[in-house]
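Letters A, B and C mark the chains in the order given here, with residues in each chain numbered from 1 onward.
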């Protein structure tokens, strides 16, 4: 890791931790940061512990983990397809997950009425994972050309699959009851509201297991940037590596989507920002992961308190609205700066 | 063509070419050589309008190229830059026909003048038989000749070529250089070509310009310019220069492992 | 060579005519050729005449117009960004229209299909202008820069749309029907409102075709041939914006059509834009009319929206096209 990437990673990690602490301390009951730290370390009084550990920590943890998962997923997809536009939002993972989840919401909702309560609660994340994996399986199989998953095809076919899934979502929203459509729209926007440990733990496990695996592929990724032919002459088994990375990227994105909905733009923008800040030739994995965590945590802080601070009212925005609203201008700024340098 | 006190820089950075003055002999083949990063390609971009100068100007028949309308300039000066993109499935004849753009009206079809310019260009690079073949199915040397035919079809009295022999084997490189040489000596065009092969440049050039660090280190007839001292000074290369058939040949000094 | 292309273009034109006829004849009630002809030439006010003249003819006309607009917009975008993924939906124009429609619903100026048209047009045009300004900062847009700029603007506007929709169930209710993309209930008035924009857009696209042929050789080569890169991009962006605005305003954000039309056209006609652009128009028109027809036939009384059909049927078709091509991008 070069010094610039190291500094970037450290800065992102520190900022993410700081914002997580702030996030744990603000809310209906405002707590001093010192009390929060005390509660986290096992001290503090019962009330504080309840608020910090039981109510707020699951949400903050889900945010951090989902940020890491989306960002790494995007970095992997962008590198293995050599296309800056490739991200789980665009190549079908999120759309597949969304179509499955919205199906459950609409069919299990007030309109259908057969499945409800616990079944719907467990059903949505499960459906999201299955939908996401199914979408990528289709994309992966169809992208095979002469026995190798072709970089250009992944993206094109992914867009096709995403388009099909998205039109199913739009159709479900139209045939559903307006209340269900509202619930589905809220889920689709991506939200960290009322997350519990049962949301955070699956994402946490996925990150814990797959991030080290992805990092272990770092050298192969460096080679893949140079093109398939160069990579295979450097001893990379291009086809296998690409399948492995595709699976990792998908599982991460699908788990993240099941935890918090398809939060927009994190997977697309975090790798691009990390790459430009680190001045590397591909998104650096660890910095991207930490930047993703920072991004989602910061966005959630704004989503929870933004409208109240602006005195619009006591509404909470979905975090996905904030990630898009904040990520997009920054990406625009970076593109503009790059163009001036050309 | 006259380059006057030209300074070129990529925005914000220090100049790649600084205060360079060069008189390009008319109707002759001028080759620009120099080590990597010496500014030779940048100079060529500055001599066309691909790059706006920070200072100085480039005169074409006494007129500043930046004062000429774009289409007018494109009828006077053709450039083949590095890394042109070959659209998928395009045929050789179609690619060459795009060189006629500066002469065509908004929706006009190709005129007979256009057609004869295209045929002449394809004949000059000896690819008439392959004109209906997709360019991406041609060999590297043939593909490069198609691109040269495209700028030849542009019918300009001045021609700038940026490393047209890169990636070609010697036989194909010689084919390309024969075409380039004929463009100057048979058709009377003023040709400037950036090359990295010193011997090839010395074999064909009427006028050799050696660049180092954004400035002209030496210029003149190849025989007068290429010397062991110059190669050592500009390229950091220890070599012997011998003369074969009136043109200098660079033979690098070997350092063999024992 | 040229003769073959003319033949194929004529074939596509015939295909549009055939699906146009089928769209007039088929639906909840199947009519014979005679009945359709009767309705078109000497309508006497029979049920069949009313169905053809006031229901099927207007929506089919709108479908042809919008399909052509979105098809050409897709082909232009793919050319300008040199990115096979480019299509109007990814460019922020649809998102701008959506935001404007949602705002219109929110403040209550939008009640009917007719009033969404103006909102969507204004939104789409503002978004186009914005993308254009943003993309031409510095030394002008690189293909990747252009694509990313469009994606960023789309995401930003989409976020605003979903924020509004989520805070107000009534707006969501109106929006979801617009967002799915459909030609149902669109009359000649809608076609008339968007026609000027579509016409200007198509003319600009035709002018831009040859510039695109040069840009395809790389920016440097194009500049060497005397093309003003900046002006060519500007004309292209303007055409894309107008065409998408017209299409989205009339029918909602019908995704995927531009992508489909551009790719199929490239497969049939190769790289030359003077052929590609008219071909994309015809393919787009045929695809949208067909999608609308299929939606009417399979949905029965419920009717599946053309946007949904295009996504579900068009996507596998698109995948097939991609798979049969040796090289992509």
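As a convention for this text, a residue touches a chain if its C-beta (ideal position, glycine included) is under 8 Å from a C-beta of that chain, and two chains touch if they have at least 3 such contacts.
Quick caveat: nothing in here was measured; it's all calculated off a predicted structure.
Chain centroids computed from C-alpha atoms place C closest to the centre of all protein C-alpha atoms shown.
Ranked by how far their CA centres sit from the centre of subunit A, the chains are topped by B. In terms of their C-alpha centroids, the spacing between subunit B and subunit C amounts to 44 Å.
Note: centroid distance subunit A to subunit C, computed from Cα atoms, is 31 Å.
Chain centres here are Cα means. That of subunit A falls 50 Å from that of subunit B.
Touching of two or more other chains is recorded for residues 340-342 of subunit A.
For subunit C, the set of residues touching two or more other chains reads 139, 327.
Shared interface positions of subunit B, i.e. residues touching 2 or more other chains, are given as 11. Residues of subunit A touching subunit C in their complex: 83-85, 90, 142, 145, 150, 152-153, 155-157, 159-161, 163-168, 170-171, 173-175, 178-179, 181-182, 185-186, 188-189, 264-265, 268-269, 272, 315, 317-318, 320-325, 327-329, 331-332, 335-336, 338-342. Those residues of subunit C whose C-beta lies close enough to touch subunit B in the complex are 1, 82, 139, 206-207, 210, 213-214, 216-218, 220-221, 223-228, 270-272, 327. Partner subunit A is touched in their complex by these residues of subunit C: 83-85, 90, 134, 137-142, 144-145, 147-149, 151-153, 155-156, 158-160, 162-163, 165-167, 169, 172-173, 176-177, 179-181, 255-256, 259, 302, 304-305, 307-312, 314-316, 318-319, 322-323, 327-329.
Subunit B makes touch with subunit C in their complex at residues 11, 45, 48-50, 70-75, 78-91, 94-95, 98-99, 101-102, 104, 106-107, 132, 150-151, 154.
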